[in-house]
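Below are two complexes that have chain A in common, paired first with chain B and then with chain C.
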Partner chain A sequence: MAAINRLLPFGFVAALLVAWEIAARSGRWSKLLFPSLSSVLNEVVAFFTSSALLMEAWVTLERALGGFALAAVVGILLGVVMGRSKFVAGLLDPLFSGTYAVPKLALFPIFIFVFGIGSLSKVALVFLECLYPIVIMTYAGARDVNRALLWSAQNMGASRAAILRRVVIPATAPFIFAGFRVAVPVAMIVVVITEMVSSADGLGYRVIYAMASLRTDRMLAVVVVIAALGYLLDKAVVLARDRLIYWEKLDTYYV
Partner chain B sequence: MARTLLFLTGILFLGNSLAAGPLIRLGRGFAAEEQLWLMSARPDLAPNQGKRYELKQILFQANPERFQAYLAGELDAGTAPGLAIIFGSAQGMDFKLVASICLEAAGKQYFTTQYMVKDDGPIKSVKDLKGGTIGVVGIKTATDLWARAGLLNAGLVPDQDTKVVPMAFPVIGDAVRTGKVSAGVFVEPFYSAEMAKGGLRKLFTATEAVGYDHELLDLFFSEKFLKANPDAVRAFLADYVAVTRYYLANTAQAKADLHKAGFVRTPLEIYLRNSDWKRTPDARVDVGSLEKLAVFMREKLQWLEKPVNVREMVDQSYLPTR
Partner chain C sequence: MAKSGSYHPGVLRFAHVVLLATVLVAWQLAALAGLPQFILSPLEIGKHFFAALGTREFYEDVAASLGRSLPGFALGAALGAALGLAAGVARWFDRLLSPAVFLTYPVPKIVMLPIFMIWFGIGDLSKVLIIALACFYPVFINAYYGVRQTRTILVWSALNMGASPAQVFRRVVLPSAAPMIFAGLRVSLALSFIVMFAAEMINARSGLGHMIRVAENSLRFDLMYVSLAAIAILGYAGDRLVRLGQSRLLAWQQ
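This part shows the complex of A and B:
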């Protein structure tokens, strides 16, 4: 029974893929609009055997990770300070909550004018989009530190820096990683869209290039690569979380 | 009594639907298709409309979306640049190019797409674009093709020596002025607006880059629709040619009508002053220029994986005889 449960998600995905292949091969829809999975798979294989295309994936990854890393550094700093300082929270909270819903992608033309059409404008936008979930989650975590732990540390004569390092940061870490898990796919989405809007390289550019060539199979292959990269990045974040905050491994009980 | 009424109503509906002719769902763009828009803005100029065919024009911002709608069966016909039709043909799309809309042509009386640089900038010739960037409106569009042709003419390798980057028409002027791109592509009405602001100078034109006059925009129909409704297509194209002639003879009035009908948003006084692309009064397609473009796309740009038989994708038999 346990084995069946483990295989169930794969079975569902397999059934969907088989249904796709049957529908695509039925001839009901143009293959230019609805290509078969086998042709998409061929293009995926072609992607991974082309050094030029792998380089495009690397360019996209660099941009996504660059913006994400900057957002992580700034976001953790801001979130922790906001969580531990009423004054800073009062100053920045309205700014973050008031502008969270703003689609930052709409600001991309301005970013192009400020940072140019190269990688910098894309990294800057990824940074901005990733900053919000990281700041907000870190802020929530830093505010939520158990008071008993803080009082205990104070009673034992710990300095403010020691309390921050030994109590606040470890207690906030699960929230920080939750912010990372939200931010990582955001980074991939934003970088691909910016490359689709204005770029001469990267996976977003490849999507547009394939679309302009009416090669839906090739375009979907790039989408598969983007999805795979997003999945791997998420798994990397989960792995890092499990390693770094081993005491917080969650036991989930379904009732 | 009720049966008789029902019968008469049925006859009436049948009569109306037969009289109106089939509906042509036509995907259009947002630039340089004046005579086609005029068919909807001034239906009085198209006497067959409403009798032998009905026309519904649907606006699309870009070619891929228009082709996707066509492939999904939502369109019977559309407008597209010659090179987009070549791409579609290479991928086995079942359509025929039936008439020309406009051409990129040399000559002072015509507008041809311009590539411009900063007037006081360091780019004096195309060769100076080495290490720089050209702004175009889309990857694998006509503006991309001309940019690459211009670079190749100057001995530069596109993407390697000079980056070709897509950006929206409205921002290209400022992008060139602020040095974000070394050169950019300009079409009307942006060209006139940017020239009025000053500070930009021509580097090369589309016709100079390619070296000959060539088809810019064309009209295509699905083969299925052509086979099912040949008379409706003939009637539509007869109107189209008549409206094209009217447009060429009464350009100012036609432009004013299009502006009034909301097809054009540029201020009327600027729109009236803009020079126009070349439009042939008989709407005949310059097949030779498309053949040359197809060879260039395959051999110089490697944009086509296999040769395209351009003559096979063009069918001008539905146009009125000269």
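This part shows the complex of A and C:
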């Protein structure tokens, strides 16, 4: 029974894939609608053997990680300062929570005029979208550092810098990673969207290009690559978290 | 404002006003000194926005956008809540569905738009469905963990007092999962606007995303800012509505 239970999800996915293949091979629908899985797989293999296509993946990854890294640096800084200074928090918190639900994507056309149509406008938008979860999570963590720990550090004569480095940052780290966990998929979403909307390179552009050339199988192959990239980036964050914050176990998906 | 501690609320409010006024005045002054053509001054943006409020096209675009994002959000959120609750309660369903959901969670759902366009046409249906797909995940995951973190002692006491499983679900599990579900709804609603805007920028004949594309291509910077202001207001208002609903429905939380 336990074995059946463990195999159930795989069986579910396998059933879906088999149903897809049958639908594709039945000839009832055009190849444009349902390309067979084997043709998609072929295109995936073609993707990984073509250095030009791998470069497209690299361009996308570079933009996503560049914007994310900038957001991480600025976001952690802002979040920690907000958590430690009530005045700064009172000043900036309404700004962040007020504009949190506003789709920053709408700024993209203006960013194109300001930063140009190349990578910079995309990196800037990724930065902006990733900043929010990181600032909000870091702030929440830095604000609620255990008082007793702060007091004992002070009592033992720790300087402000030492307290920040030895108490505040470690206590905030799990929250920072929770923010990262939200921000990484956001970075991928924003990059792909901006590349789909206006770009001449990157994976998002490849999706649109494949669709425009009526190659559904190729398009699905790029989608598979993007999905794998999103999945791997998320796993990388979890891995880094488990290494760095070994003292706290990750028990829910979010925090 | 209790968290503000030693600072008097008045001091902060004053600081907010000063900050906002400084930014706006500096922006306006910079515009007077000569900003690039594509950066409008706050006064110009206000003027264009209020002018647009008097045109029929503006409301048609807003209606088209909401006509895509709200049904998509409703569909995705309803499915996410129902399936997330089911997966949280029933172990076999959890085993069946959750691995697939968690595996595909970090994937940007917007890449499915071209495929949806091929399957469901380039009309509104494909956009509604892609928005629903994107909105499904946060609600599902939050509902799932909301159920999972129900305190077992509450469930036991309810069962001890003779509650049926249906009653336990309705009186114990659902209320304790509700705050998490609302957190998921907030994320999903924000996401629905993003995906709607993206889908309209990629391919649409109406809506705010389409409006901003047209404005961009014809260098109508005024329209660009009108669309931006409209989507900002919609996003903000939607978020406030969800929070209002939460504080009404979950009054016991505060």
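We take it that the second predicted complex is superposed on the first by the 238 of 255 C-alpha atoms of A that agree within 3 Å, B and C clash if a C-alpha of one lies under 4 Å from a C-alpha of the other, contacts with A are read in each partner's own complex, and residues count from 1 in each chain.
By definition in this document, a residue touches a chain if its C-beta (ideal position, glycine included) is under 8 Å from a C-beta of that chain, and two chains touch if they have at least 3 such contacts.
Bear in mind the structure is a predicted one, so any value in this text is a computation, not a measurement.
Chemist: Return the chain, chain B or chain C, that is in touch with more residues of chain A.
Modeler: C
Chemist: Thinking of the overlay built on chain A, is A:Ile189 touched by chain B (first), by chain C (second), by both, or by neither?
Modeler: Only chain C is touched by A:Ile189; chain B is not.
Chemist: After lining up the shared chain so the two structures overlap, which partner does A:Ile112 touch, if you call chain B first and chain C second: first, second, both or neither?
Modeler: Both partners.
Chemist: Does chain B (first) or chain C (second) touch A:Arg215, or do both, or does neither?
Modeler: After superposition on chain A, A:Arg215 lies in contact with chain B alone.
Chemist: Quick check on the superposed pair: does A:Pro103 touch chain B, chain C, both, or neither? Answer first, second, both or neither.
Modeler: So A:Pro103 only meets chain C here.
Chemist: Return first, second, both or neither, reflecting whether A:Leu33 touches chain B, chain C, both chains, or no partner chain.
Modeler: So A:Leu33 meets both chain B and chain C here.
Chemist: Taking the superposition as given, does A:Ala200 touch the first partner, chain B, the second, chain C, both, or neither?
Modeler: After superposing on A, A:Ala200 lies in contact with chain B but is clear of chain C.
Chemist: Residues on chain A in contact with chain B in one complex and with chain C in the other?
Modeler: Looking at chain A, the two contact sets intersect at 32-33, 109, 112-113, 197, 208, 211.
Chemist: If you look only at chain C, which of its residues touch chain A in the complex?
Modeler: Per the stated touch rule, the residues are 1, 3-7, 12, 15-16, 19, 36, 38-39, 92, 95-100, 102-115, 117-119, 141, 145, 148-149, 186, 189-190, 193-194, 197-198, 201-202, 208, 212-213, 215-216, 224, 227-228, 231-232, 235-236, 238-239.
Chemist: For chain B, which residues are in contact with chain A within the complex?
Modeler: Residue list for chain B touching chain A: 63-64, 67-68, 71-72, 87-88, 90-93, 133, 135, 138-141, 159, 163-168, 171, 174-175, 178, 180-181, 303.
Chemist: Can you check the complex and tell me which residues of chain A touch chain B?
Modeler: 29-30, 32-33, 109, 112-113, 116-117, 197-200, 205, 208-209, 211-215
Chemist: Name, in rising order, each residue of chain A that touches chain C in their complex.
Modeler: Touch list, chain A to chain C: 5-6, 8-9, 12-13, 32-33, 86-87, 89-91, 94, 98-103, 105-110, 112-114, 143, 184-185, 188-189, 192-193, 196-197, 204, 207-208, 210-211, 216, 219-220, 222-223, 226-227, 230-231, 233-234, 252-254.
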